[in-house]
Every structure is written in structure tokens, then in C-alpha cells.
Amino acid sequence: MKSTLLWSGIASLAQLIWLVLAGPLALGLMRKVRSVIEGRDGARVTQPLRDLRKLAARQRTRPTDATWIFSAAPLVLVASALVLGALSPLASLHVLMSSRVDVVAVLFVLLLGSVALLLSALDTGTAFAGMGSSRAAMVGAMTEPALLVAILAMSLGAGTSNLARLVDAGVATSTLAGPARILALVSFFIAVLAETGRLPVDNPATHLELTMIHEAMILEYAGPDLALITWGESMRLVLLVGLFSNLALPWGIATSVGALSLGVGLLALTLKVAVVAIGVSLFEVTTAKLRLFRVPELLAGAFLLGVLSVISAVALR
Amino acid sequence: MIYALLATPLVTGLVSALVPWRRWVPLLGVASLLGVLAVALVLAHDALHSPARALHGSLAVDPLSALMLLVIGAVGLLAAIGGVRYLDLQLARAQCSTRQASLYAALVQGFIAAMLLTVLARNIAIMWVAVEATTIVTTFLVGHRRTRGAIEASWKYIIICSVGIALAFLGTILLYVASSHTGGPASLDWATLVREAPQMNHAVVRLAFSLIVLGYGTKVGLAPLHSWLPDAHSQAPAPVSALMSGVLLAVAFYAIVRCRSIAVSALGSDFVRTTLLISGLATLVVAVSMLLAQRDYKRMLAYSSMEHMGLLCLGAAAGTPLAFAAVLLHMIGHGLAKGVLFLGAGEILELEGTSEIAQVRGLLARRPALGGLFALGLAALLGLPPFSVFASELGLVRSLSAAGLTWVAGLALAALALVMVGMSAPAATMLLGPGTGRATSPRLVRAPLGAALGVLALVGVVAWPLSLLIHAGATVAAQ
Amino acid sequence: MKVSYVTPLDLAVVVVIVTAALTLWRQSLVASLRALSLQGVGLGVVAMVLGAHRRDPVLVFVGVLVLLIKGAAIPRLISRVVARDHPGREGSPLINIPASLVGAGLLTLLAFGATRGLVALIATPAARLIPFGVATTLIGFFAMVVRRRAVSQIVGLLTIDNGIALTAFLATSGVPLVVELGVSLDVLLAVAVLRVLAGHLHRQFNIQDLDQLRDLHD
Amino acid sequence: MTFRIAVRALTRRSRDAEILAAPTTLHPSAARLHGSLQVRHVDAGSCNGCELELTSCFSPVYDVERFGARLVASPRHADAIIVSGPVTHNLHEPLRKTYDAMGEPRLVISLGDCAHDCGEFRGAYGVAGSVDDVLAVDAHVPGCPPHPTDIVRVLRSFTGQ
Amino acid sequence: MTRLLALTVVAGLAAIAWGALSSRARVPLSALALVVSSAGAATLAVRVLATGTNFAWSQTNVLPLGGLDVRLTPLGALFVLVSAVVAIASSVYWTGYARHAMAGRSASASFALFTLSLLVVPMAGNVTTFLFAWELMALSSLILVAHDHARRPESISAARWYAVMTQGGAGAITLALVGLAAHAHSTRFSAIATASTHLSGAVASTFFLFALAGFASKAGVVPLHVWLPKAHAEAPGPVSALMSGAMVNLGVYGIILVGRTLLPQGPQWWWLVVSLLGGTTAAVGALYAATSRDLKRLLAYSTSDNMGLVLLALGASGLSLSTQHPRVASLALATAMVLLVNHSLFKSTLFLGAGAVHAATGSRNMDELGGLSRLMPLTSVTFLVGALAVSAIPPLNGFTGEWLLFQSLLHSLASHDVASVVAGTLAVAAMALTGGLTIIAFVKAFGITFLGRGRTERALGAHEATFSMRVAQGALALACVATGVVPYLLVGVVARGLAGVASPSISGWATLRLSSLSGALTPLFLSGALLGALALVAGWRTLVQRRHGFANVATLEAWGSGRHHQSPQMQYTATSYGEPILRVFDDVLRPDRDLDVSHVVESRYYLERIRYRASNEDVIERFLYRPALALLRAWARRVRVLANGSVHRYLAYGLAALVVILVILK
């Protein structure tokens, strides 16, 4: 028993380190793909790492009437991402506490991060931050039904909502192409796009404050805070993309304990995340940003797909 | 003992009529009421063991009438104290001469005596005469203020009530006729009538009972001939309307209950139940609809008395001992609550000069003691817990449901809810809201009302000694 | 002997019912007052005839008493009110005269229908006339509903009482004396009170037509 | 290089990005920037000539992003502000506030001749002065309008890529 | 045990007496008595929970015609315990709050009466005692709602709505309980339960529906919830905490009492109705919470929302019971109780916080507040803990409730029965939507009120709450954190409370393990990991800062695109924060907005005045209650003709009645 605990500890640590690096690199990769398709060479994939290192060297700033929440928010965002990175089955099924971490827990820990961000935006006391927070909250409120129903559909298939067993069930069952699974994955994908503020919902690279949703909230952060926030955001993106890829293409994840399977798992994970990240950025380049009040319709569509997948999961059982 | 009971109010009445007006005359009235209450308590204690008899059997006190004596005594005392306050104000304002004041004091005592006679009479014809006497005596009390409205109210009061009572007399005659054809000698004595009832001719008893319900119903304020009630109560002086709606309606209902036991032993319960249900529900409908958009708070209180009498009618329709226990408890509760409210209303009228609900604002802010007592009285009237009306209304609903009339219980509860809708508006406008010029009304007003509410709350929580009398009375009524 | 007592009885009862109809028919108040006193006399005669027939001295005494009170005392009490009622005429009652007479007819038919059971039960020759008693009551009630004048309402009330007293005499062998005294005392007091109130209405507020009395409404 | 060939084979369009020489002299604070420069552009009253050139720097042809420079929305996120045009009276205080809003360490790059010595608009009634009069300028891009290669060169002198 | 009951009641009565009579130190004395009384009740409840046996005591000649009968079942004990905890906190809070409001005689006496009746209602053993305590609770809370009538006209209309709807609800409950008692020929609940087996389906269903209507209106379930936001917004601080923390629970207690103990074999559609009601309440409550501007109205609607979730769990438990899944049924019931207790804890913290804000600034309109966290540090922390708990954020107790609700819905979907599947899916949808909207509501509530800059002088002049208020808020917030991190405190008590009604379904100290169902959660480890990560990242940041020689954080003016002056009015307000939701759901909420522009007479191009008015009233009140009241008023006007004053008309009624009698009885 003690050895498995040790190995799962190592697996968690490995996943943690992997996540910390994979975050910025995934961001760089997506920017690279985007600029290449736009015909320019674009910054190197490792550029985000350099940006973060440079930001870490800058001085922290704070608006005049901000409280402790403004300085605590980046910490909470990154901490929630790190915890999920360590505990959720990305590279290996046997991670620390894998039998006790639940997909709903993952969803709500992510929620902790976004609530911290929403509150910090209001703490600055500026108009843009307030607007960003209000819009992000609205989009968040619309995403949650789609996310939860998609998770319900998938966990119905596996009979449990425990993440490790969910992914394991994906590996074992052959009915990968079942309608319930596909509908659930599509609605999960749309929800992931909305949650991480990717293009159809929110344009991360915009400079016009009035069109921003997520970006407007972090206008006040500088130096290490800004670094932490972009780092946290990218880690959450990789985390969600990782979970999505594990659920969609479950092969390659380490099912047994041991260095070899862990290495294979990490490699498979990197590959899968890269593929999905490129897919996402390809999807982004081809679509324009939706008007703010068309976004609920998109998310309502995702929610409907989720409900259909639940019905089909139950009906076709 | 019964002679003492009757003599006290009669003598006081005569004295206050003859003696020229003195300050102590109304106090004499209060003393006489205290005496009546004391004697009633003694009689009630005896009635539990052996009913007392007098005037070779024509006057008697069984548990049911003992309870009625208590109700008359209690509410009468409250009204008498209210009367002292009323007369002081009238004389201070020179709105009525000393002669009228002594007339008022005498008439009130006469009114009490008439009601006592009604309750004590064993002979239903004597009972009828006493009820008619109450009408005649109270006409001048209603019209005491000599305003156009008061005269109109008293004219309508005497006309409608006399017509109603005449019908009741026709019913009594028919009962007498029916009893004369049952072999034994014809008699109007209640006990013999109940004994002979099974042999009576059904058609005649059925007609007699309907006429009695219609006739005495006028005095109780039941539906068809109820219209005098709001007019009389809104124009009569506060103590008089307290007496009338607190106890006169109950005494008239007592008469119906007496006749009901004759009819039940003659016809069985279903005809009686349908008649009482029809009149009860009709009264409820009229009272509740009128309460919904009421503009005058005295008329509101009158219609609420009508609603409570409708509930009593439903309780009598159920007819089980539990139902009558609830009815009797309700009579006590309603009598006291209505007494408090009418005296309070009188005080508010004195304060504001108008009985329009819209004109009275922020009473709690301006007269906290009076407003508080009025609010608690309203709470008691609406059947909110610490007061006994809650227990009796719950008892009524339980008995209706136990008697298989759950749909009637539902209607009664719906009616109570609608009454709350209706009476919450006046209560809110009058009591709540800002008000300047805070003052406290005199102790003479606050003490009796507070004491009455205290008794109500006490009875509502622990009714131990009284409950024995109530249950005994209920068994007598539900024979 | 049987023949002899029935005819005067029928005659007296007919007098009572006809005078009741008169109050509806005639417009002048003085006329209806005279009809009322005639009705009282008729009632007294009925009581006396019955008393004589049943050799019951109490009933005869009651008959005389009724004759005195209802025949003489009460009409004189009301006469002062009639004097003060200026036009002394009914004016236009709520329902025109022919219609009210038809109504009275219908009510009499109804009285006959309703008391069939009672008549069958008592089966004495006097019982045949009970429906007339009930009819008088109904007509009196109808008169009160229709007539506008204070006096006619008092007259209507007294007609109702006479009707009930008539029914009582015919249906029973006479109500016990105490009750009879109580009832007539009540009626007397009621009329006295009404007289005082009518006085106030006329003198203080100068109201002749009772339909004007509409201050107290919801 | 192989990556670029593969991609161009894939996309098979657009002309090759300008091959630009590496910067010769590095700005002393380039070391702290570790090859990444976030720039906040402030138009203090320019005739938009410099803006056009600055935009073309970020176009596929000159693509300064290759060398680690990026435009950002808020001065808080920026290491340097690039100011174009003479400082007009209206923009004097906002420029000042933008500079104050940046955290330490902060750089100022003046773009074009107007920024350097008010160029054409010297002495105009609306002009408060050149950027040098308002802020301490760290680097200057000459020219009216400055050629994109010059802008890229100055920017690369900070990123050192 | 009887001594404890005596202690509770006597101390309660003493509190009422002190409140009503004493003039010196009135509030502290009655508050002390209340604390003693609640403590007595709590110990009684704990003892019943520990032993698992019912505590019975009766006194026939008290309460005429019905008799007093106390019977404390473990289920009732759970509710008494929760009410006692909230009551103790509120009483302590009240001593501080009395400086601002609620110091009068009537207020203190009715507050004491309200607390005592709250403790007694779950102890009732027969119909009369239950209704006696129930109506006492209604009366005393009515007086407290109307407490501020002199200053605030809205509290008068709120009191009227509250009085009428509670009386209506009590009427429905009375009819149901009385009907059941009639069939069982006894008013004792135990007798009713045994006699309910041979009740015919239709009769049992009618009584259940009446009871459901009455109790659901007390729990603020949708069609009958209209009084809740009005009454809670107008009631003073500690009272609204008690109402949301304890009184609303009794509505749920009633539903369980009638639905599970008195009429155990209810058909399936009962529970379908309950979950549908729950789902709609949750959605409507959350919607109005997200878009309302008044802090206490927001909290009140969120109470409806949470009660909707509790009803969802109850519905799921009933549905799975009727499809023979006892394990899922007991899990769902335990979830309902956990949700309920969680709600009592965090909602009373929030209401006490809102009370403190109202005491400090004198306003509840969030658009006038802002920047209070610097002026009221502890209140803002406790409010933040409450807000995070409501939004079910992990380390706190709301999260355990939401997780359990998701598990019970997931496992209830496992059954093949179509009805429970449809209900389950809608339930999850409702739960998810309310989750999102609650986050908006509470980020707004905390952010707009406490963060940013003070928008008006009221906000700038605020001062921290008094010591006793802070103690109460702090204690409740700590309770939220404790039950969140170590859920066994809560789940253990709930399992023992439901011993009579359902089999134990959740076990495990640090980890919540669903017995015989797959699903586990370890909030303890999760919180530990989060704290560790936080420390790690904070360390990294300070290290980096020191290495690059920046000793402290630069405090600069907030960046407003170089604008000249950033005034507090430019910040987002509660209305604008909720506006996107209002726009997305405008066909559901139907807000009425009117814009009236008055032009200058001479030329239409120049505007004299533009007035924009937007109100977001409860749509159910507007389209269901207003027409009904209009109908009632129209009926009343038409009936008034009946009494037009003419004596002839009155006599005609009598004659008609006489004729009818004679015709019928021929």
C-alpha cells in the first residue's frame, strides 16, 4: 500500500511540473498556429515563458482603494489550478487521492478561481473591471448548466462521477462513438471554450476595452500578479483541454503504477493536448467573436446537447 | 338565588331612572353588573351538580344557561365600565342631558335583565317575550345620540327585528300546537317539549324550526334579515354596541340552540343540519364579501360579528358535543373580543371624530396603549393564538370535519382567510404609519380592555375551570 | 250549537283578512288606521267566540283584553302620528296598487298550501280557518315591504301580530295566560316606541317617505 | 528553418517575411526584459503617419512579434510606452497619467520626429512641447514617418532577439 | 428530559416578560433568557438525537379543546437543534443591534415569543399544539415585520402581504391536519400515522396537497413565495436571520412530517409535483436574486432558491422510494437535510451581516453602498464567508450540499422509471442554472457592497458593528467553515436525525463516502491542498519581489484610460451588474422599463428632461396575485349594492326567505 502511495505522489508531482510548463507553452503554440495561418511567422512557442519571466521582474502595483482581495486573487487562481493539476487524472489514473476527487469537485475548484477573479475586478473600483466582471459572471452562469449536464451525461455512462473511474470507463468501453458520448463531449467542448474565454465567446487578444470580457478584469494587474494570472489562466486552459482529451481520446493514460507507464502517460498527454490545442486555435481563426448577447444562445445550445446526451444515455442504456 | 340575579339589574335600573342624575349612578350600574357576575359564578358552580329551579319551574339554570349567564355578566361588566366613560364624555360635551343619561343607565340595566330572563326561561314562549323585550329596550339605546343616523338605525332596528321576532313567535306557536297533539297536555316547557318531541308531527316541526331559525336568526344577524346589524352597531354608543354584538347575538343564538334540540329529537339531525348549514354559509358569504371593501370600522366590526355568528351556525349544524363545546367557548371569546374592540372603537371615534377608516392614521404612533389594545383585540378576533378564539375556531373546524363535513370546514377556513384579507387593510391603515402628538388614553379605558384581553389570553391557553362548564353545557346542547 | 258558533267565527276571521287587504288597497292613512282597529275588534270577537264555545273563561277574558288593546288603545296611539303625516296619503307605493293586490292574492294561496299539514293535524272546525291567519301575516309583511309611510309600516307590523294571534287562537285551545299577557304587553310597548321614533322622524328630520332614509349604507 | 519550409509548403501563399539583420547595440535595460517587450502605444497628437508605420510593424511583412514585442491594452501590463506625435495640451495630462500608471521599471520610446522636436508642428498653438519636454525618453525612432525597419530595429534593441 | 423542556419554556416566557415589562437593561436580560432557553432546547434535542428515542410529555387541560402534547422525534430534534443554534447567534447579535433598532417593548417581547415558538413547533405531538405554536410564530414575526412601520411605508404593505399569506397557508395546513385527525379519530400525530394506512388514495392526496400548499408557502416555494422577499427585507437584522435560518426550515419540516411520517405510502406523482415546484422555485429565486438591487431582498430570494434545491432533493428521495431504490432515497433525504442545515448556517451569517450593514449605513440599496470592507473589516470577512458558502465554493459547507445533491440526482437517474429520469434531468438543469446565478448574485452582493469605493455619504460614514454583533457573525461564519472542512460534524448529526425515517447513507470522518453507492469526496484534503498551494505561490511571489528589489507594492491611481477624474459613480452598480441577466431573461422576468422624454416646447431637438424608470417586480406577483386581488375588489364592490340602506329592500329579503320556506316545506 505504501508503495502505491509513493508512486501516486510521484505521479502527482510529475503532473504538477508538467502542467506548470505546459500552460505557457500551449499558449505559445496556439499563438504560433494563429500567426502562421495569418501568414506571419509569429513569436516563438517559448515566448510566453519569457514574457512571464520578464513580468516577474517588474514591480507589483495596487489601485488606491483595493483591499486584500485584489492581491489574493492571483494566488487563489494559480493555487486552484495547481491543486487540480496534482489531483486530476491527466497523465495517470493513480494520482494522489484519485479515488476521492470528483468531477463536480474539479468544476467547483475551477469556480473558486473564477470567483476570486470576479471579486478582484470589483475590488479595483474601475468601470472597465466592473463591466468585465459582470459579463464574465453572466457567461459563467450560462456555462455552468451546459458543463454540469455534460458531466452528468458522462458520469451516467460510467455510473459514477469519480474522475479516474470516468476516464477508466472511457478506456475500457468500446462504445466510444455512442451518441450520448459524442453529444456530451461537444457540449463539454463548447463549455470549455466559454469557461477559458476563447474566441467565439471572448477575444483574448482584443485591445478595445468595451469588447473585452476576461481581459477587462485584469487591466489593473502588473508584474508578478499579471504573470500569475496569465499563468493560472493558461494552466486552467491546459487542464480543461487535458480533461477533455482524456475523455474524448482516452488511450495512452497510465493505468498501472510505475515509471514507464507514467512516462508514456505524460507523452501521450502532451501529444493529445497539443493536438486539441491546435484544433482549438484552428477553430478560433476561422470564427469571429459572437456578440455578447448571442453568447447565451450558443451556451443554451450546448446545454440542449447535454440534455439530449443524458436522455440518450438513459434511453439507450 | 335566581330572584337575586334578576332583581339586581331591575332594581338598579329603577333607581337610576328615578333618582336625578348623580356622578355615582353609572358606578351603581357597574356594581350591579359585578353582582350579576358574582351570582352567575355561584349559579354556574351549582349548575354542575344540581340545576337550580325557581318560580315553580319556569326559571332554571342548567349548565348551558349558566354559561350564558357568565357571558352576559362578563361582557356586561365590560360594557358597564365602558358606559361610565361614555357618559362622562357625553355629559362633558353636553351632547346629552342628564335625563337622557339616567335613561341610558336605566335602559342598560333593563337590557341586562331582559337577557338574563331569556337565558333563565324554561318556557320557550317566555324566552320569546324576553327576546322581544331586549329589542324594545335597546331601540332607545341605539338611538341614544338623537342624530339622524341614530334614529334611522333604531327605526330599521326595531322594524326588522320585530318582524323577525314575530315570525319566531309563529314558530313557537307551531311547536306548541305540535306538542298539544302528542297525547300529553300541551306545554311550552323546554324539557317536556324535548321529551315529547319524537311523537310530534314532522311537517309542523319542520315548518316551526325553519321559522324559528329565520326569526331568531334576525336577532343573531343571520343572512336574510341581517341588514339592521351594521347600521345599529355603527350608530349605537360604543358600550351598547359592545353589549349587543358581544352578547345579545349570542343570547339569540342560545334560543336557536334550545329549539334545535327539540327539532333534532323530533326530526333527526339531517333536516336541522341542512337548515343551519344554509343559513350559516349564507351569512358567511354575505359577511365576508362585505368585509372585503369596508370603509367604516364600526360597520367592519359589525360584519365581523355576523361572520362569527355564521361560524357558530356551522358549529351548531355539526351538532356533536365537541362542536357545541367549541361554540360555547367561541361565544365567550367573541363576546369579550368584540367588547374590547367596540369600546376601543368608541375611544378612537372620540379621538378622531370620524368612523371612516381612511381618516384614521398612525394610531400606534399616536396612542400606543389604545392602538396596542385595539391591535391585540383585532388579533383575538382574527383567531390568532394566545386568545381563545383560536382554540374555538380550531375546535369548530375539527368538529365539522369529524362530522363528515370536511368541505364545510374548508369553506369556513377559506372564509377566515378572506376575512384576514379584508381586515388587514383597515388594521394596517389605522394602526400603522407615522403619527405625531403622542399621548396616553386614560386608565379608565386601558385597564378594563387590558383585563378583558388578559382573560381572553388566559382562557385561550388554560381553560381548566371553565372547560368543565363548557363540556357540561355542550352535552346539554347536543342532546 | 255547532252551526251557531262556526258562522260568527267565519265572519270574524273574514273581517280580519279583509281589513288586512284594505291596508294594501286604500292609500289614505286614516282609512288604513280605521281598518286596523276593525281588525283588532274582529280578532277580539274570534277569541270570545272560541272562548264561549270551549267554555273557557280565561280565553273570553283574553278576547276582551285583545279587543280593548288592539281595537282601541293602539289605534288611538297611532292616530297622533297619522295627524302629523302631512299629505296623509300613501303617494306612490313601491309597487302599484293592482300589482300588490295580486301579490296579496298569491300570498294567500301560498298560505293555504303551506298550512295544509297543520289543518289536517288539528281537524277542528276552527282549524279550517288557520290559513286565513297565516295569510294575514303574509299580507302584513308584504304591506311593510311595499308601503313608504312610517304609519303604514307600523300598521303592517300590527297586521302581522294580529295574523299570528289569530293563528294561535284558531290552532290551539288558547295560549297560557302569562304568555298572552307578555305578548300583548310587548306589542303595546313596540307600538309606543315606534310612535316616539316616528315622532322624531317627522318633527326633527321632517322625513315622510321612508325610502329617503338611506344615509347608512355600505 | 525546416519548420518554416514545412509550413509554407502547407500554406503555399504570401511572400516571405522580411529578413532583418539582428540589432547591433542592445539597450542597457534589455537584460531585465529577458527578450520580451510589452509596449503600450500613446498617440499624443500625431498626424497618424507614425501609427500607420507602427501597425505595419506588426503586419506579416515586418512581424516584430517574431522578436518578442507585443502591443498591450493597459500601461500596467506594459514595460514601455511608445509615444507618437508632439504632446498637445489636451494629451499632456493623459500622457503624464499613462506614464505614472506604469509600474517600475518603465521605458519611454519616442516615435518619429514630431515626438523628438515637434517636427512640422513646432510652435503650433495646440502643441505643449515635444515628448522630451514631458517625459525622460529612453530611445528615439527618427523619421517622419519612421520606416518600419527602424521601429523594428529599436524594438529589437530592447528584446535582444 | 422534562426538566429541559421546562427550562426551555420557562426561560422563553421569562424573556418575553423581561422584554415586555422591564425598562432597564431590557434587551440584554431577555437576550440572556433566550440564550438559556435555546441552550435548553438544544441539549434536549441532542439528548433525543443521541438516544434515538422519542421524548413525549402531554398535559390535557392546557390548550382548551385539544390538549398540549409534546413529542420530539429525532427528525424534530434536528430542526430544534438548528433553530436553537441560529436563535443563540441572533439573540447575542440582538444585544448589539438593539442600539440601532428593535429596542422597544413590543419588539423585544415579540422577538422572544418568536424564538420560543420556533423552538416549540418541531416538538409538537398533536394537531392543536402544532397549530398553536405555528400561529404564535406567525403572529410574533408579523409584529416584527411591521416593527419599522413609522419610518418605512413599505413595511406596512409587507406586513399586510405577510399576514394574509401566512394566514392562508395556516388555513390550508389546518384543513389538512384536521382532515387527517378526523379520519384517525385522534389529534395525535402517532395515531394519524398508524390510521393513515386505510385512507383512500383521493382523500390522502387532497390532504397532502393542502398541507403541501401551506408548508410550501412557509418555505417560500414559487407560487406562494411572494411574501418572503417583502417580509425578510423589512424585518430587522436578527429577525430576518431567524426567519431564513429557522422559520423557513419548518416549512420543509412540515412537508416531511406530512409526506413521509403521516402519509408514508404516497403515490409517485406527489414527489414529481414536489420536485417540479422545487425546480421552478430554485430557478425563479436565483433569477430574482441575480437581478435585485436591495441587499436583503437578494438574500430573501436566495432563501427561496435554496429551499427549491431542498425540495428537489426531497422530490428525488420520494421518487426513488416509489421506484424501490431505498438506498438512493435515504441518500436524497440526507442531502435535503444537509442542504437545509447548511442554508440555515450561511444564510443567517449573511442576514446578520446585512443587518450590520443596514445598521451602519441606514440603507439596504446596494447602489448607495460600496467600499465598506475597509470600514467594516470583520463584517466583510463574515459576509464573504457566507457568500462563498452560498455559491458552493469548495472549502465551505455549501459545496458539500451541492455535491451531495448532484450525487443523489445522478443515482436517482440510474433508475429506469421515465418520470424520475425527466424529473432528474430538469432537476440537474435547475440546480446548475441556479448555481451560476447564485454566483452572480453573491459576487454582486459582496463586491458592490463591500469592495470598490463608497458611492454615497452613507457608505463613507459607515462604522464597524458592535462587539456582540461581530461575535455572532464570527461564530456562524466559523460554523460554516468548520462544517465545510470537516463535513462529518453535519452529516453525522443529520444521519442520526433521520434514523427514524431513512437508513444511514453517508459515512466516513474526513471523507464523505456514499454507503453502497459509488461516490466519495474529501473536502479536508482538498482544503489542505489549496492552502498548501496558496502558501507556495505566495512564497514565490514575495521571493521574486524581494529578489528584484521592490520592497513594497506601488499604490497608484486606478487606470481609467488617462481620464481626468475617476468618480465613484463611474463604478459598476448592483443594477448594472445584474443587467445582462435581466436582458438575457427579459421574457421571463418581464421587467417594465419606461423612458419618458420631455422636449423643449420650442423645438423638438432640445430635450428638457429625460426620466428613465425601471422596476423589476416579481413577475408572479404581477401576473397572478394582482389580477386575483382586482377580482376580489370588483366582487366586493358589486356585493356592496346588497346593503344600499333602504329598509324596504331589507324587509323584502325577509319576505322572500319566508316565501321560499313556505314553498319548500309544503
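Letters are used for the chains, namely A, B, C, D and E, taken in the order the chains are written, and counting of residues starts over at 1 for each.
Methods note: a contact is a pair of C-beta atoms (placed from the backbone, for glycine too) under 8 Å apart; a residue touches a chain by one contact, two chains touch by 3 or more.
Keep in mind that this is a model prediction, so the values were computed, not measured.
A.B. asks: Note down the smallest number of touching-chain steps it takes to go from subunit B to subunit D.
C.D. replies: Between subunit B and subunit D, the shortest chain-hopping route counts 2.
A.B. asks: Specify the chain pair with the maximum number of C-beta contact pairs.
C.D. replies: That would be the chain pair A-E.
A.B. asks: Identify the chain whose mean C-alpha position lies nearest to the mean of all protein C-alpha atoms shown.
C.D. replies: When every chain is reduced to its C-alpha mean, the one closest to the whole-protein mean is E.
A.B. asks: If you average the Cα atoms per chain, which one ends up farthest from subunit C?
C.D. replies: Centre of mass proxy via C-alpha means gives D as farthest from subunit C.
A.B. asks: Any idea how many Å lie between the Cα centroids of subunit B and subunit E?
C.D. replies: Going by mean C-alpha positions, subunit B sits 43 Å from subunit E.
A.B. asks: If you average the Cα atoms of subunit C and of subunit D to get two centres, how far apart are those centres in Å?
C.D. replies: 118
A.B. asks: Report, in whole Å, the distance between the mean C-alpha point of subunit D and the mean C-alpha point of subunit E.
C.D. replies: A distance of 59 Å separates the two centres.
A.B. asks: Between subunit A and subunit C, what distance separates the C-alpha centroids? Give it in angstrom.
C.D. replies: 100
A.B. asks: Listing for subunit A: what residues touch at least two other chains?
C.D. replies: Only 57-61, 209, 219-220, 223 qualify.
A.B. asks: Two-or-more-chain contact residues of subunit C, please, as numbers and ranges.
C.D. replies: 114, 141, 144, 153, 210, 213, 215-216, 218
A.B. asks: Mind pulling the subunit D residues that touch 2 or more other chains?
C.D. replies: Residues 74, 76, 103-104.
A.B. asks: Touching pairs of chains, which are they?
C.D. replies: Between chains, contact exists in these pairs: A-D, A-E, B-C, B-E, C-E, D-E.
A.B. asks: Using the touch rule from the top, collect the residues of subunit E that touch subunit B in their complex.
C.D. replies: 61-66, 106, 127-128, 131-132, 135-136, 138-139, 146, 149-151, 153, 155-157, 159-160, 163-164, 167-168, 171-172, 174-175, 178-179, 181-182, 185, 187, 632-633, 635-637, 639-640, 642-643, 645, 647, 649-651, 653-654, 656-658, 661-662, 665
A.B. asks: Flag every residue of subunit A that touches subunit E in the complex, lowest number first.
C.D. replies: Checking each residue of subunit A against subunit E gives 56-65, 67, 69, 71, 74-76, 78-80, 82-83, 86-87, 97, 99-102, 104-105, 108-109, 111-112, 115, 118-119, 121-128, 130-131, 133-135, 137-138, 140-145, 147-149, 152, 155-156, 159-162, 165, 209, 219-220, 223-225, 228, 292-293, 296, 303, 307, 310-311, 314.
A.B. asks: Which residues of subunit D touch subunit E once you look at their complex with the stated criterion?
C.D. replies: Going by the criterion above, the answer is residues 74-76, 93-95, 97-98, 100-101, 103-104.
A.B. asks: Along subunit E, where are the residues that touch subunit D in the complex?
C.D. replies: These residues of subunit E touch subunit D: 550, 554, 556-557, 559, 561-564.
A.B. asks: Please output the residues of subunit C touching subunit B within their complex, sorted ascending.
C.D. replies: Per the touch definition, subunit C meets subunit B at residues 114, 117-118, 121-122, 134, 137, 141, 144, 150, 153, 157, 160-161, 164, 167-168, 171-173, 175-176, 178-179, 182-183, 185-186, 189-190, 193-194, 196-197, 200-201, 204-205, 210, 213, 215-216, 218.
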